[in-house]
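Chains here go by letter, A, B and C, matching the order in which they are written, and residues are numbered from 1 within each.
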Amino acid sequence: MPAVTETREAVEKLGQSSYKWGFETEIDMDLAPKGLNEDTIRLISARKEEPEWLLEWRLSAFKAWQQMTEPTWAKVKYPPIDYQDAHYYAAPKKKPGPKSLEEVDPELLRTYEKLGIPLHEQAMLAGVELPEGETARPPVAVDAVFDSVSVVTTFRKTLEEAGVIFCPISEAVKDHPDLVRKYLGTVVPAGDNFFAALNSAAFTDGSFVFVPKGVRCPMELSTYFRINARNTGQFERTLIVVEDGASVSYLEGCTAPMRDENQLHAAVVELVAMEDASIKYSTVQNWYPGDENGRGGIYNFVTKRGACRGARSKISWTQVETGSAITWKYPSCILQGEGSVGEFYSVAVTNNHQQADTGTKMIHIGRNTRSTIIAKTISAGQSDSTYRGLVRVLPKAYGARNFTQCDSLLIGDRCGAHTVPYIENRNMGARIEHEATTSKISEDQLFYCRQRGLSEEDAVGLIVNGFCRDVLKELPMEFAVEAQKLLQISLEGSVG
Amino acid sequence: MTQFLDIAGLCARIDADGQEKEILRGVDLSIPPGEVHAIMGPNGSGKSTLSYVLAGREDYEVTAGSVTFQGQDLLAMEPEERAAAGLFLAFQSPIELPGVNNANFLRTAVNAVRRARGQEELDAVAFLKTAREASKALSMAPDMLKRNVNVGFSGGEKKRNEVLQMTLLQPSFAILDETDSGLDVDALRIVAEGVNRLRSPSFSALVITHHQRLLDYLVPDRIHVMAKGRIIHSGGPELAKQIDSEGYTRFLAEAA
Amino acid sequence: MNAIIKDPSASLVPFKARLDAVTDPARRAALGALHRVGLPDRRVEAWKYTGLRFLNETAFATAPQEIDRVKARAELERLGLTLGEAASLPRLVFVNGRYAADLSVEPENVDLTFFSKMQAFGSLSSPDRDALTALNAALATDGVQLTVPAGIDAGRLLLVSLGQAADPISFHPRHSVTLENGANLSLLCVQSGEGRYLHNPVMELSVADNARLQHLTIQTEGDDAACLATLYAQIEEHGSYDSFVLGLGAALSRHEVHARLNAAHAQVHVNGAQRLQGRQLGDVTSVITHAAPDCNSRQTVRNVLDGQSRGVFQGKVLVERIAQKTDGYQMNQALLLSETAEIDAKPELEIYADDVKCSHGATVGALDDEQMFYLRSRGVPEAEARQILIHAFLAEALGLIPDELAQTIATRIMELRFPVTGEA
């Protein structure tokens, strides 16, 4: 997701359709043949000039995947996916090579410009309009991933000076092999689940972040994912490692063109936080949701997990999910370190025929671990949205605390909103509190706003934003502005 | 003659638990520009219903009659169009909007109305300045602009917040539905002063109240007695005292 | 999530000979469903927290015809059912799933018959979906079928089940209770026993317009027993089903309620409490379906878990599209008393109507330190302070039982297992 306010205008200029990021970029692509087999995996590995161990790792994941079946417990329905009918590697033909902007295909730059993603460092630093009351705005470093590869990463020099590594994971495999090898697959093992195994076998790119001991990352890091090519799946892999006493805030955004067919996105994100480290991971998920008849859209089957390995470490997930035809996603925290903290703040909006089954898992292992879950679900049209969350407290987690609040809002009487929490406690010294509510926007609230002159649609937008406030306030400021706007766009046509 | 606001033969009903209930049974009322009128009457006489019907609440079905507001057919308009046309309703029980910042709400409303009136929208700075001044004049705590709309507000704070909204939206016609209920004497005076500041030849108001108390501070031009869905008696400001000492019995008997 | 191919019939081995002998067509149909899916294991979402390993280890025979009447009477006495006000209540006593007329006092002003005389499977249960209901349908031999005629207040009725197992046996009573328009009944079910047995009752409860059924179940089965009960309730316009289950006994128990609010303004309460210790596993599961507008459902379930016991709560509230103006509330609370106890809870909302007010809450914790400290600072010894707080926690739940006498009986039977004074 763009991190500057101009995005909004950029977005508005993008056309009349309700999905405003749905354009396609004409660009020469290097495509692997359709289908996934050992040869494809060898080809991906070879294109990326990977070391032998990584190829072996991929192949073992592939073997595991072949033995697995798709999970069926989520409350989502879709026709069987033919995993052999997609390309598993698609890259812009002109190789980015050394990442200087001059060498990037201008057509690609234009794409990101259209999306409002700041790739020009100079442009970023100068001429940014500031809202009142704000004196300065920290720059954001961006890694732009186009289909299977990272096309450019900005602000690398500044970050390097601070000791922070922020680069495409394919590059990290070459430049920092020991780091990658040490952590890759340690939070989400290659055979963790069907989609994670698929990703481990076929992942093409993604971001790698390493923040060394004691360093506070000097700027927000951001990855922007764009699916463009037809019949491709996108399988990015992100790994963020933050050492003792270090911290980072990471943003993730994504869009795709409008297409009639469904496309698969099966990403894996692994976070590792050591002693006193903190990671804030924010997502605004805006993949193409399909049209109003439920045709097309991205299948977003994603495994995100963070390990709070060190004492007092903290991982905070914030997500605003408005896109995708189907979302299957449970960003989780393994709270291992004593006194570590896990947070999950989520807004999930579904409209038309979208389906979302999303939530979190908080696994309390260490003493005095704490977790907070705030999930807001909004269903409109004929959509179905489910919050599914697990809080598990293991026998040694004395003093563990969890607080969960799940609220659902239904707009119209053809949608569904569901709440499925799992609470498993094996420690008498733990305290768990869970609250959930389901309601609709009250007529009183709507009338009150309209009496003050707001249109019905604006009134709904205002009330929905209020409903989501506890989550939106966790987003970095500019992200929050974008997210609010996005909520409104996502619910267009759902009232009246 | 066409007045500023003309209500003629207005009948309205509500569907409550499957039962159709007639609440307004032929209300006739005219308010000239620049005048403040009060409506008094026993509980259940239809006073609040009248305010909701004028503001366009959809639960009520208008079965007969007409309302002309500055030459326009008020009943044909959406609630937000009525607001833009200058009608403001101060709610008897102001609604809470969790998570919606008060200042943001006010600015959104003010700009929506300004847009509809063809006026330029206020930017954040200009708006905040105006809002702060207005809230200060109503002796409101400075943090009330930052809090969520009416959430956790005391009864008095809610009522002041209604008057603040009225001040900022600059209506030409305000309906105050029991704005005095739940206010102590000091708060009552502050609220009344807030309304009095708006009084001008181009501002009219309809004040719904149970008590003469408010009318000591907010002296009306006319007072109407409402009962069983109709205006049964009208008179000058002196009527308030009479009602306060004698109650409605005499008017009810006369009407019957 | 690997699919493991397995033979569903394997789970039926403990009942094989008896199932093979089933010839009745209605029972064969249920059996067919049972053979297709087998008894559930923990990979079945609805049985995620409750395994049926208890059943695998033993072959369960049909209960012998002879029963020990002296023992049965003694047990009724021990349970306090022959004392005071309880003694004067009509009661239907089943021993090993068979009606024992000589131990019973039949109620007046209700229509009473027995499954052994007239096999009727009713229409509310779903043997094709619920394997334990299918097992019951295949093997049921007896049960009560009673109807409270329109407008009649039938007062209280005790329905007692006693298990007497020398060798492992299973019994599968099939009960049905019908309240016609405007009828009233307070039904008190007490389940107890000794030895190794499986009690697998199915009960259909039909509550017609304006009728009111109060239903307390006290499960204090033998320590080596399993009780797997499935109840199906259907409530019509302005009808009310107010139920409470108190789970105390059995090595393995599951009390599964399917309640359907079938017409406007129907109301259901599915409350309960469990107090478990040792290696007990107790499961309270419910599915409340709002199938009509303007209905209301309430559920409060409390668990107190000691030793290595495990409490399970699964509560689903399903609001169908038509069920506007639904008011649903659900609360699950658990108190863990030992380092090795465990609670697994899954409160679930599935909602398809937009104009609803539904909420659920869950809390899990230990005894409140501040309350403990407060009591001890007033001179109450620690063990006693614990007892007082546990008792208070459960007493609040038992307070939801609408019938006062039923409440008294429940408290008394709980205190048989957990004396109030002395060491815990």
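By our rule, a contact is a pair of C-beta atoms (placed from the backbone, for glycine too) under 8 Å apart; a residue touches a chain by one contact, two chains touch by 3 or more.
Chains and their UniProt names: A = Cysteine desulfurase activator complex subunit SufB; B = ABC transporter ATP-binding protein; C = Fe-S cluster assembly protein SufD.
Just so you know, these numbers come straight off a predicted model, no measurement behind them.
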Kindly work out which chain lies most centrally, taking the average of its C-alpha atoms as its position. A
The pair of chains with the most residue-pair contacts is A-C
Chain at maximum distance from chain C, centres defined as averaged CA atoms: B
Between chain B and chain C, the Cα-mean centres are separated in Å by 56
Approximately how many whole Å separate the CA-defined centres of chain A and chain C? 44
Gap in Å, rounded to a whole number, between the CA centres of chain B and chain A: 48
Using the touch rule from the top, collect the residues of chain A that touch chain C in their complex. 67-73, 193-194, 395, 408, 410-440
Chain B-touching residues of chain A, taken from the complex the two chains share: 131-132, 442-445, 447-456, 458, 462-463, 465-470
What does chain C use to touch chain A in their complex? 1-3, 45, 321, 324, 334, 336-366
Mind listing the chain B positions that touch chain A in their complex? 55-59, 78-80, 82-84, 88-89, 91, 94-100, 105, 108-110, 112-113, 116, 123-125, 148-149, 165, 169
